[in-house]
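Both of the next two complexes hold chain A, though its partner changes from chain B to chain C.
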Partner chain A sequence: MFIEKIEKEVLLKPLQTVIGIVERKQPLPILSNVLIEKTGHLLHFVATDLEIQIATQINDTNQAEPTDESLTVAAKKLHEILRVLPEGSKVALEIQENRLHVKAGKSKFNLQTLPARDFPKILEHFEQSEKIQLKQAQLKKLIGLVQYAMAQQDIRYYLNGVLLVVEGANLKLVATDGHRLAFTSAKLDKEYPKTEVILPRKTIVELVKLLEENDEEISVEFAENRVRINFSGITITSKVIDGKFPDYDRVIPSYTNHLALDRLVILQALQRAAILSNEKFRGVRLILTEKNLRVSSSNSEQEEAQEDIETDYHGVALDIGFNVNYLLDGLNNTAADTVVFSFGDPNSSILITVPGNDEFKYVVMPMRI
Partner chain B sequence: MPPPDWPNAIAHVDADCFYASCELLRRPDLKNIPVCVMSSQDACIVAKTYDAREAGITTGMTVWDARKLMPGATFLPADFRYYGQISDKLFSVLRRFSPAVEEYSIDEGFMDMNGLRALHRKPYRQIADNIREAVHQQVGVTVSVGVSATRTLAKMASEYNKPNGTTIVAGRRILEFLQRVSVRDIPGIGANREALLDKFGIRSGADFAAAGEHLIGRLLGRAGTDLWHELNGTPVYRVEPEAGLPKSVARTASMGQVTGDKATIHAHLIHHAMRLSGALMEKRITAKHLTVFLALKSFAKQAITSELPYPTADYFLLAKQAGKALDDMFDPGQRYRACGLIATGIAIRQAGNFDLFQQAEQRQEEKHLKLLETLHNVNQKFGSNTMTVCASLKLAGKGNHARFNYPMLECV
Partner chain C sequence: MPAIQLLPDLLISQIAAGEVIERPASALKELMENSLDAGATEIAVQLEGGGVRLLRVRDNGGGIAPDELPLALKRHATSKIATLDDLRRVPSMGFRGEALASMAAVAQVTLTSRNPEATHAWQIQAADGMQSDAAPAAHALGTSVEMRELYFNTPARRKFLRSEATEFAYCEEAFKRIALSRPEVAFSLQHNNRVVWQLPVSPLPPGEGSGVGERLLQQRIAALLGDEFARGAAIVDRRAGGLHLYGMASLPACSRVSRDAQYFFVNSRFVRDKVVAHAIRQAYQDILHGQRHPAFALFLDMPPEQVDVNVHPAKSEVRFRESQAIHRFVFHTLQQALGAPAAPAENISETPRQTAPFVQQQYAMPLHAAAEPLALYDALFGNRDSGTSGQESESEKSLSAACRLSDDTGIPPLGFALAQLAGIYILAQNRQGLVVVDMHAAHERIVYEKLKAALDGQHIPAQPLLIPASFSADALDIATAEEEQAALAQLGFDIAPISPAALAVRAMPAPLKQAHAEAAARDVLRELREFGATRALTERRNELLATLACHAAVRANQSLTLPEMNGILREMERTARSGQCNHGRPTWFQISIAELDAMFLRGR
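The block that comes next holds the complex of A and B.
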């Protein structure tokens, strides 16, 4: 017996953990499968798309006489079957003549399998690797602060991910699509040798899904062209993007004109203005004068929106345009009450920061409206 | 499980030897006589009837060679304006069958056929036959129609049974169809790719579809995997009914002489760069790649394609790139007769959408574009070449002005 009796919820959890990277259309049929390896009472689950691999395990203590067996089976199908079984169902799995029989109450399913030895595991061997440690919630927060700025299928392939830099006792994360750039940094527990890797978009997306808001340790190991991330019994092994990330320091400006704003006030004003902005170009205008910030937009049907925000600004006037989505992204993903817009001329980028915190920087290029 | 028959239906309508057919329309006296249409400069063949093709005349062949092959054929100068009018008529007929028609080129188009069976109460084969009949009756030229699940399959299908044929490739017939065609019949697979695929045992369309996506990706990159999905019946390219962006914009011409003088060729290229920049600016589009080509006295062609630092319409960048390519290609021992520039990777000009990493360059480009706009306005008001760049002045000599201002129709 592969699995004698297990609650469907117990079996479902590890499947859900690894299934995110299994794509519907696969060049190799076995990549649609999940590898389940049983060693004694331990059940290992592994899925891969050849770029990323996610592995996790559970304990199956119901086993009277544990054997070592393994198989691969269609991940989505097994997941779907378990998902729709009645709550609290007990499930038994049995391998017979290369087929997997799933039994639960009066339901029976018979699935085809592929041999476990054909499953293309990413090399998990990490020699002389560097390893950093931090808290899960901390990494989740850092990724959340930058991931929305990643490029998507850009021909500058090195922008389709998040740059992760370890420098001394600092961890920096940077993402950009060429029109905006998000930067964040945090202190690590000690000094580490300098490392720079670009984590692919898909890995970041999986991390955002799987990381939890807790104080458990997470370790990130760097090897030649891969990283391995370990947390809560989950191991993500990912290739890194082989490319040179642009010099982000060079495009983070320092300006002398600053405008402090209540984050929710400006966020909501922009959300309202966004409704009547051009659907394609998403432009909004910010017109800054003494003590007033006017947010306005118009679309191709000549519809217009306008809103005034009172400020305590004294300084040069400014009339500048932005893609409203870029501004909303930055404002939506910080939790601060107050944000500071720093700016130069209407053709230069704008820098959004949080007062008293130089660990977050968001740079947005303007657009001409 | 066999694939469903019509998860998606796209028709490709391709006119049969379009230019030659157009000529026959207004010259019924030429019926049953082989007809070749020459490029405006009467230098090479751009279209021919099927009987002329059988005699071995190919597109791009010099008129001289063609005349030797088929002295009895009629050689006519091209009249692209007239062909454009016939093309408009052709597409208006297609739009009566489906509102979603994409004008892919002057003589071929894609149609989104999804749901049309219910509208016309007919299976796809009959709709396709009706399209052919309607075009024949109302426009006067014949077309071949292919219907399948993806653009690529539809295009291959229309090619399969030419002229005046209908080919329907339903989902469960894709494999059978692909077994009968070679990889060379797949649009986008040329001699080089064919040779490469051959080395991996991929010879028929079916071999290509059955090969792993990974292998195809490794051999041909993204374009290859897109084709792979298309051949396996998964649409990657949609029908885009809105007047799409041109795939390329070209400014090319014979130099009016055969010359080994680099400065003269350079002057011609500069002149083309100016015109190309003007054309891109006028359409508010930018180019990502620039191909510079030279035609030798023997008509053999050389070309260098390079990536521009960023999508642009800036004359100064185009001219610089053209100059560099000329330096790389020019052979003092050769004599050249034609040259030109072809811009590809066309995109809509993202007005004022600045890039973080190219701020300085983009600012400079803005300045250049302002200057160029003024220059084009002056020329529009007072006649072309009232004001131009010094580097192209070498052309100003007698009879040396560029005469042919049409965009090149075929970039082989």
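The block that comes next holds the complex of A and C.
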């Protein structure tokens, strides 16, 4: 017996954890499978797409005579079956002639398997590595502050991810798609040697899904071309992007022309203006005059939107265009009540920061409208 | 023994005509040049029977006053020059006053013209030395010259004419040369009532004051030499002193198997000149493959007094006052234009950016990708940063134009390496699609250019020979050796006459000390004499360097890592002439996404 009796919820949870990276349309059949390894009372679940591997385990205490067995089976199908079984069902799994029999009450399923030895596990053993530790919630927040700025399928492959820099006691995260750049940093518990890696987009997306808002420790280990992230019994092993991230410091400006705004007020004004912005280019104009910020947009049908926001602005007048989605991304992903927009000239970027917090910087390039 | 007598006038003209009017094409050239000299903006040419049966040129120029009409057909009658002084700076195409007279001597010529003062046109006819009186005729402002039955009265010459098709081909060539030289004039050519060429002056969008001339010229070149030529050609435009060289020259990848499509104009006059031809050949020297020939349409403008066009009746030869300067100017200009480093033309497939009047445009972030590690290069050449900086900055400057568009986004023109194919090719991805690079050829060029740059700046030390190499030389060589002592010394040579019929090489340039002294000396002397400048030594040196480069370059089947491949791509972008290897083969190809889509029938 592979699993004699287990509650469906217990079995479902590790499957849910690893299933995120399993692609449904998979040219290599075994990659659509999940590897389940049983060693004594421990059940290991592993899924991989050859770039990232996610592993987790549960304890199966119901085993009368624990054996060492392993198999691979279609991850999505098993997950789907377990998900729709009645709540509290007890599930039994049995391997017979390379098939997995799933029994729960009066339901029976028979799934094909592939040999576990063919499963391409990424080597989890790290020869030499640096390891940093921080709180799960902290990392989740940091990634949330930058991840929307990652590029997607860009020729500049090194932009398709988030740059992670450890420098002294500082952890910095940077993401850019060539039009905007998000930067954030945080203090670590102690000093570490300098390390820089680019985590691929998919790893970041999975990580955010799996991280929880708690104070549990998470460790990130860096080896030559891989990282291993350990938290809550989950191990993510990922390749890193082999490339050189652009010099982000040169892109972050320092302007003297500041405008403090209530985040929700500007966010909502932009959301309304966005409705009538050009469908393709998404341009909105920010027109800055004495004590007033006007947000205006128009689309190809010449429909127009205009919002006026009262400010305490005293600097030079300015008329500058932006892709509204870029501004919304930045504003949506900060939690602060107030944000500060810093301007250069109409052809220069804008810097969005949070007052009293120099750990977040968001740079957006303008548009010609 | 026949008595000495004066020849009849008609015979004199007929003899002269043999020089000026060789075949219909030469008559056509003369007539079209007359039209241009008359300030025409539209010239229509009609031919029948290859121009032998009928050749008619009609223009809308200034016309001829009625009372001057009979004079126009007389020998040595012209409105273009009046004194010998005028001859030194001839602004017009013709000036000898022979063409019409010669035609009238060997064909039936009808001249119809109306100038602005006349109320209607007048016409005269001439044949066999007889000229009719001027008679009223119908004609718009301008002049028509009609020449029928060429050589009807000199059957011996008529026999030398070729087939209709051949004569027409010559006429067409003459037509093309003139049409090329004047893009601001509209031309048309009909043969046997069939339109062969229709070259309008397309109206350009208003408000583009500068660059209109260049645009017109490029359109005309594309119309006459084909769009393919225009796409695969480098644009040449350089001024120095009173000289201005402009036009288009084919990139080595678009060279041709034959020598057709080679047009060189001096002050809008088509010429064949061996100084210029040599300079052009030199500029293509190490980038053109084997027996291929460049195609070009180049225009050299210079002060008229510095060039003598009165060398040949058909004026297809010229003599430059300072041929050495011309040689150097043409060579350097062309070499520079062709040497711009590899970068795919950004705009070829893209639609113009500002088609819609109201387009929003996102600015890109100036992301500066840090330099890739170049283990291979560092191993080969030591640290790159400490290399020859002077040359680097110059080639970087010429790159900047091509690069500016992509500079901001950080995507280099040749993109990023994806993989190595069969140990021979580098596959890379750039904004347009796939780039395939022959890594050995590309690297060979990079190494070669570096070696050249390292040596170019240096003074060439002379290596005295223990035993001077003496060889017998003719008087011309000896005279050149004596005249050009300074030039020879600069090249590291010491050649002195040891007898009235022998020269001795006492010193050789050090880099060439292994070379055959006599052969090298002869080459150098010949080039100095004929072209006023010699690159024979540079050529020899470059051959040595090319061999060195070939051995130093990465070989096929050498497996490269991605950073190394990226390193080669970045070096190619920096290196002049990196589009061709040392032997003129191309080093890379672009396969655009659109072309790939077409292969897979996507998006149909």
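Heads up, the rule we're going with is that the second predicted complex is superposed on the first by the 369 of 369 C-alpha atoms of A that agree within 3 Å, B and C clash if a C-alpha of one lies under 4 Å from a C-alpha of the other, contacts with A are read in each partner's own complex, and residues count from 1 in each chain.
The rule we apply is simple: a residue touches a chain if its C-beta (ideal position, glycine included) is under 8 Å from a C-beta of that chain, and two chains touch if they have at least 3 such contacts.
Being a predicted model, the structure only gives us computed values, none of them experimental.
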**Prompt:** Once chain A from each complex is brought into register, does chain C clash with chain B or fit beside it?
**Reply:** clash
**Asked** Touching A:310 in the superposition: chain B (first), chain C (second), both, neither?
**Response** neither
**Message:** If we overlay the two complexes on their shared chain A, which of chain B and chain C does A:127 touch? Say first, second, both or neither.
**Reply:** neither
**Asked** Touching A:242, do we find chain B (first), chain C (second), both, or neither?
**Response** second
**Request:** Could you tell me if A:157 is touching chain B, chain C, both of them or neither one (first, second, both, neither)?
**Result:** second
**Request:** With the two complexes superposed on chain A, say which partner A:349 touches: chain B (first), chain C (second), both, or neither.
**Result:** both
**Prompt:** Does chain B (first) or chain C (second) touch A:367, or do both, or does neither?
**Reply:** both
**Message:** Which partner chains sit in contact with A:178 here, chain B, chain C, both or neither? Use first/second/both/neither.
**Reply:** both
**Message:** Let me test your reading of the model: by the given contact rule, A:251 touches which partner, first (chain B), second (chain C), both or neither?
**Reply:** both
**Request:** Check whether A:279 is in contact with chain B, with chain C, with both or with neither, and answer first, second, both or neither.
**Result:** neither
**Request:** State whether chain B or chain C is in contact with more residues of chain A in the superposed arrangement.
**Result:** C
**Message:** When the complexes are fitted on the C-alpha atoms of A, one of 116-124, 134-142, 260-268 or 314-322 in chain C overlaps chain B. Which is it?
**Reply:** 260-268
**Fill in**
Shared chain A footprint, chain B vs chain C, residue numbers 176, 178-181, 246, 251, 281, 321, 323, 347, 349, 363, 365-369
**Asked** Which residues of chain C touch chain A in their complex?
**Response** 359-372, 409-411, 415-416, 429-431, 562
**Fill in**
The chain A residues in contact with chain B across the complex are 25, 27-28, 176, 178-181, 246, 251, 281, 321, 323, 347-349, 363, 365-369
**Asked** For chain B, which residues count as touching chain A in their complex?
**Response** 212-214, 217, 229, 234, 351-357, 359, 363
**chain A to chain C touching residues, read off their complex** = 155-159, 176, 178-181, 242, 244-247, 250-251, 278, 281, 283, 321, 323, 347, 349, 363, 365-369
